[in-house]
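Below, each structure is written out as structure tokens.
Presented sequentially are two complexes of chain A, the first with chain B as partner and the second with chain C.
And now, the complex of A and B:
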């Protein structure tokens, strides 16, 4: 096999892995209620995973000072006083990973009080794993051919 | 330089200084109050002088987290005190006296220690002496155990109690309500032909008939803002600070008189029937007014008005009786 043909083959395979449309999984949207504990300077849990279309209700329980929660990309926020559970409900209609952060100044490390909301499956993770495997494979073959 | 030019330069300088400088000077004369967590110093300054009848301008800012500002027993909207921002506020005092101002947004375990005073001077002489609170005139020992010896199985039904009370023409005046515990009223009905369950239902109705939906709503709001962080949103004594309080209590009481005192640091459970049904409204008033004397329960006497305390007490009984909340 000529090296050119092999290169073309690998590039084609790479493009397929990166851009091939996946069969759309039909997940019935559900209602999710998530309790989040907020304290200086962390959320627990700080990583949320929901499916696209889900109705997400976040109950924010603050355990020391006044904290907030603002979801980037969705532009929704709440503020929780200790002792008063704050509730935020929104529909996760945008897929992707979104940062959520505290939007009430809560002390010196306030800017680092962040968490992540993932909506839908993380396709790019699997695609990049596939691409990396292809690249390794390709390198091995080309080295063997030269030898 | 011509004389006219010199003159015009002078006029412009004076005008600029006047327009920019005067408001700046006036603004800088208003005292600025810094708020910090109680562990780091609380309010600075924590004593403010004012005069009755004259408006008091204050500037408030926070040095760490979000705080709030309000003056006790005063009909005012609490303001937020945020780091990096200055909140302007104008207060009017009609009567001379010493007022307590306090933090209204929870800022940690020692939030309630963030208090200060405003000393209002004036020559208003038509001041009435305060009447002693009910628990004092009833001569109650508010630290004595007061548990009810009989408690109902499950929550008494108000609607059932209403018809029973009507049939047997039982009522409870407001004075009697304030001075008696649910258990005492239950015990007072023992010579009737009613069953224990029916007697508790009647007590539940009598307690509801001595409050109003407005009072309960007000009590609920006060409870959420001021009590829930320790006593829990559902009254079970399991608020977000309950564990921290117990830990602090253990640390501070170790050198004192032992395990019994350590227990005092745990917030009271309002869903505990024996405890709540054995308490009179007057007793609860005393506990709220005076506070827990070193247990972590603040004294609310200088913050709440009498009406607010009665509303709060009415709400506390709703953890026992099934009121429409």
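And now, the complex of A and C:
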């Protein structure tokens, strides 16, 4: 098999791994309310799991200074004053893993006050590991061919 | 791909031979550096609104790790302002031709320190305090000032750029990763160097200084210790120095045999993974431990940090490459095969930095208009709202960087394994496992 054909084959396989549609598990959307405590420089809980389509209500309670919560990818945010509760509601209509982070300067480690929201399955992680596996196979085969 | 001699072009050759363009850049950089020190000391203590934090750890870091190192190797070292005041003091001149009489003590660095172990240690020291360093303006200022004064002090004691070559925490990893860059400085004709009397490129002459990096250009085979200062282009009487455009990672075909360089690979690889977990992960306990320097939890964090870098990562690597019967000593194989970790480590840093930089880049506009956080609005951008940039392409870009680094490392492993008469598979599997962990941490 010529090296160019092999490369083409692996690139095609890579595209399939990266972009092929996956069967979607149909789960009835729910309304979820999640209480999150925010303090310098962490959220509790800091890892959230919801299903795609869920209506998510986050009640953010700040226990020390003013904190915010901004969800990457959804571009929605709230701010909570100390001792008060702020509420954010959005529909989790995009699947995947998203960081949520403080968007109000709250102290030195503010840029690293981060949590993680997973909507459905974090397919991109599995696709990426699949790509890494494919890349290794491709490289090993190409090395063996050269040898 | 054949090499292209960039300085065959008369414009480039003249620009490199003249000291003035480089001096102009140096002065801008030095002014920026001193301003960063001052901003950290007198400006707002809020890191995300202080020039020192925003321009050093977001803007400069982004340029360094995403552009300068991958594409220009030690290009940053060519314009870095840190050695300048010390060098001017050492030479007793800014631009004038060298006076042969040595200034100050002009000692040779003791042989036991002529390696990068001190750079490994200085990087680790900063790494252990990085959560404070990256977020606290006056700490950043103190570190920047300490580096400047250390460079000045060493210039008065030792010859050439002892700080850059043996102590700079940044220079160590730039040197390691510069081996992958598509730029190199090499000689054109070996015989011209062999016959050259006085070796002015190394010893200096009436037209220029001897190599500040303590490198004889005639013997250069890797980028690691060439600071691209261009002094040899000015001093070579035979016009024998070329700045070449070359394929990426050309130097990695010649695996290292040095343990200090091998451990540098593990230090960089491990630090990128730990930072991805601690700084970008959702685990508040880790952030608390990393930030509260001096607390019990910080000592545990520091211990785990060092254990991962000096124990877990090299230990697993050693287990993978261990063979009872091999004509090449284990230590030599360890060093040689660790070369494969260089591209992977660099791409780990690229993937980590993409996330950090794109999320915080909007602070650059704010700090540009109000560098001290005093309520100025110099360019009408002081009130720019914080907004992460390009979040939709972040994860694919990180995957591309990490998987690309994995392929690059696997191919490098094969070359290194051929040199060591061993199999590359354990190293490839090792790289795959680390890449999977990094993907999990970042995605």
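Convention: the second predicted complex is superposed on the first by the 99 of 147 C-alpha atoms of A that agree within 3 Å, B and C clash if a C-alpha of one lies under 4 Å from a C-alpha of the other, contacts with A are read in each partner's own complex, and residues count from 1 in each chain.
Keep this in mind: a contact is a pair of C-beta atoms (placed from the backbone, for glycine too) under 8 Å apart; a residue touches a chain by one contact, two chains touch by 3 or more.
The structure displayed is predicted, hence computed values, not measured ones.
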Which partner, chain B or chain C, is in contact with more residues of chain A? C
First (chain B), second (chain C), both or neither: which does A:105 touch? both
Have a look at where A:35 lands relative to chain B and chain C in the superposition and call it first, second, both or neither. neither
After the superposition on A, what does A:73 contact: first (chain B), second (chain C), both or neither? second
Mind working out whether A:93 is in touch with chain B, chain C, both or neither, as first, second, both or neither? neither
For A:65 in the superposed arrangement: first (chain B), second (chain C), both or neither? first
After lining up the shared chain so the two structures overlap, which partner does A:84 touch, if you call chain B first and chain C second: first, second, both or neither? first
Give me the intersection of chain A's contacts with chain B and its contacts with chain C, in residue numbers. 105, 108
Can you name the residues of chain B that touch chain A in the complex? 37, 62, 64-66, 82-84, 105-109, 224-225, 227-230, 233, 239-241
State the interface residues of chain A toward chain B in the complex, per the touch definition above. 61-66, 81-85, 104-108
In the complex with chain C, residue positions of chain A that touch it: 41-44, 46-47, 70, 72-73, 96-97, 99, 101, 103, 105, 108-116, 122, 124-125, 127-129, 131-133, 135-136, 138-140, 143
Given the complex with chain A, which residues does chain C contribute to the contact? 46-49, 131-132, 135-136, 278-285, 287-288, 291, 356, 359-360, 386, 388, 391-392, 395-396, 399, 402-403, 406-407, 410-411, 414, 424-425, 428, 432, 435-436, 439-440, 443
